[in-house]
């Protein structure tokens, strides 16, 4: 039974609290949050205690820490928690600064403690099924990967301003998807971004519509499309063209009801956003973390892979700004292979 | 907070125990089962006590009883529980004998206590969505309803022999679906059954493949197809042709992954069986029961509607045997309207 | 090069004229119609001559006759044309009277001339693909066949009155589909029909909504659903449940365009009616006739199979009237096996 | 009745010959080809004469010329035919050299004769339906367009060597699709290409897998994916995200048959290649040309739009080589708006 402390009692922290409670091999014992009331409420609802982060890290009875605080605290908390001997699951991204993330990685690796990054989409049964079929050789060699990832609506501009920009904040999930499926980081990134959804986003110096093309040394290509707005819901699809066929993972729809009238055939739209679409993924993600910690096996999404996704985001940001292709090696010397 | 006792700790009882636990407005306090160890285990896992049925019914602190025992005990337990002042949710069918079910109905109605029958499919979001769209007039007047309902594999012949036959055991769900969607029991039933799946089922005097056609006085028609075996999984679909269009609820598939090769496009098969397909339906069914008991409002699936489905099954059994159409009035004098 | 005369220059005659013209191995040389102007127009458009039926049958240069006249003339024309030594393709049905059709069959068989009945749906690439996959054993033994067949709108009541009733006029296509797929006529037919679409149809003594269930001696079952009205178009689907899976042929849609908005996902409706849906089937039907005549091989849809479909219609009409199952043997002594 | 001469009797010429013959308002009178036998055969099959190009251009009875010869002759023949007073439909591309195409455009415009470029995909009912729905405002403002275009198998390397490269030879169709849908040429092109399908293609200096991202001044983005190989067939899809929804045009499949077994649900693969997929598009393209010539109205795909697509190809070729974004203005000074 893994004893767990949750840092961060906001919306995503609450999702994780449910996963911890539902998993037969883990138990939530403490919750910390800068908002003491939020910590109290979430702790009470789960039979846990609200405590300070210091108290949690000092408690030898706590085995693992789940970091769901604001992004700017992630790297510090990873370093402190691993130094305190805890296993860590940290929400993405590791940090908005690649240099800071690399330093954190070095520090955490020095402790020998396991750190996993919360790239929840890898645990979506559809994407995991696609990956498994690909790894089993069902479409031969992978050649051209396409990731479609649209949010239903843009966040407030106040959030945009501190987000690090679309490539680091939103597309980072898709960079991880591409690196994970292809088993390693790309050689080069070519990115284009514009503001066509909301001029305020452009005014804040960010983009709301973007395409990044990743290439690997052997010619494989991945293309990622992002938009901050798809009014019909959360559009999350992956397609992989291989030498012997194509694998796709489509959207999950709100229902299977269809209506045929003179107007045509009307069926459901996609699940609205990540809480609906990735409900099962969050539970599976936590399950995988607990199982790996208990078995002492490799982290399903090791910290270094979270840093690799950030390197792609850094390169994409540079590429879009310069109007030219950027080599990953320019932004990060270290090579990363992803486990199969 | 509704305090609940669960009678029956078998497979379906365990499903219900999870629903009771997950619902914020109900709490499982006691479990009874003829298998004492099963009751103990399930009770312990849910912070409840294993008790005898007598003790449960005698306990004024228990508000509601969920009956998930074997079919032959349903009618007795409904009568005893309502007489003891409990609200009841009972698994289908009420009884294999229509006469016994009618007697049970009279008895329960005499107590004034609410009794709901566990026709879980009404709470499937897809079928509920179809029904809501139909009731909202989206396809005009209903004319021809089709229900496809295939199990993945036949039960053991030992079960078949005590099941009451396919029409009472399996098609009863579909009779309820038809009566629910059309808002009342049909006037006539015409049924045909054969044994083509497994000769042992035919040898036991039952059918494994059947079609029933229900007609209403105003010309509406429902056709139900059942097979004991669809090797690809649980095939559960409804289609309703109306004066202004067609509404359909299709199968839920295991994933959204698809693979296109020279062999064609391969996508997922339907969810395998009722535990997978109706997981959300069971939770919603329990939610609806709790809400209705607490509000003192009408039962979502009142006992009389469970009896109406049984009357259809009785008429279908007779029709298939005689090779002729049977009027519902021949088997049950009482008319039943279903709430919208 | 098969020299062909077309009897009947109406809507379906015009469809056939196009098929004859488009086929490299046949040539339209003569057209006859009670409406002389219609015959002239169609003949002129195809480089053929308008002639009387007598003249056509007397002309030894004409190899084959395509009968697309009104139903009441079919049996006579089949007899006369075969007696005159012509190969015949005749539109369905052979006759509204089973006795007359049987007499026609005997007469035509006496001449040794090939006669094919125009069950165009067998030549639809989708249904033909389903049949081929089934015959190849892809789903094991066939157990439960479902045929959905809805017209977009009912014909005028004046037509209904002389149509022979829904079972003979409309469902005859579906009886043939079932017999063709299962390779022979059923043992019994159980049918139900109502008038819910249009009270005038009921007033004319016919039904507009009907279900027929066919059973074979070995337990196989086919269920056919007909409605005279599906406002969204021509709904033509077949599903076959077998011991190892299910084969389905779905509707052809007007396009592949889809639109996803907050209202849901809107895609196309089915092709509107038989001219659109079965355009390719008519061409393939004619191709199959020409090929069989030229090769001297068995007719793809021999006259006896057209009579078998009519026997099913006769039995269904009786069954619906009596409210009981009717054996095919009651209406037709002769057994019919369909070629694989 | 438009009297037409066909230049080029190869595979695509034969497709066009069928369209000319099938259209009631045009008649094929002459065929020319460097292979005299091919011209004779095609002419004979269509009741036309084989003639030299000189003879055709000198014949005042010929109204229009369809150019389906090899690419290197297109610009010359457009110039000669328009100078001779003929209306012209020319297969794509106008030329491999943008400069040559611009010169041809100037020359043809000088004659005042109508010239249409054979971008057949615009006439595919699915893409045309998407465009019509978009122009009708059904998804609001267009923001992000995606074009997927994969061939079933790469052409021989001998062809690749003279093709002008993937961007000019294959992606030109998709550049036209993007410009047509968005109503004008983009401001900038960013392209990436690799050779991962076949090393011989890379060895020949070309790419077989490519992504181009087009941006417009107002922030609209189009992304095009090309692969020379999708073993399952011709993958031709378009998706357009707008401010109020998404429009998509999916592949046409070989049939509607589906098979569900324990292995999953198997349905058809896409139509194999352009002759199957675009059969209706070729006929509609010809119809549109004839109608516009007879009405004296604007060409559906005027020559200048063919040149615009070539400018995109030129910019993409440069962009992929340089690893940086290229402005259309760098390769072509002239601005092009596409008709709605």
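Per-chain numbering from 1; labels A, B, C and D assigned in written order.
Methods note: contacts are C-beta pairs under 8 Å (C-beta built on N, C-alpha and C of every residue); 3 or more make two chains touch, one makes a residue touch a chain.
Keep in mind the model is a prediction, meaning the values are calculated, not measured.
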{"item": "Each chain counted as touching subunit A and subunit D at once", "value": "B, C"}
{"item": "Comparison of A-C and C-D by number of C-beta pairs in contact, larger one", "value": "C-D"}
{"item": "Subunit C and subunit D: spacing of chain centres that average the CA atoms, whole Å", "value": "41"}
{"item": "CA centroid of subunit A to CA centroid of subunit C, Å", "value": "58"}
{"item": "Shared-contact residues (touching 2 or more other chains) in subunit D", "value": "231-232, 244-246, 260-262"}
{"item": "In the complex with subunit D, residue positions of subunit A that touch it", "value": "141, 143-144, 146, 148, 150, 190, 192, 194-197, 202, 209-211, 213, 215, 218-221, 223, 225, 227, 229-232, 235, 241, 243-246, 322-325"}
{"item": "Residue numbers on subunit A that touch subunit C, as the complex places them", "value": "231-232, 253, 260-270"}
{"item": "Residue ranges of subunit B touching subunit A (in the complex, touch as defined)", "value": "125-126, 129-130, 133, 138-139, 244-252, 255-262"}
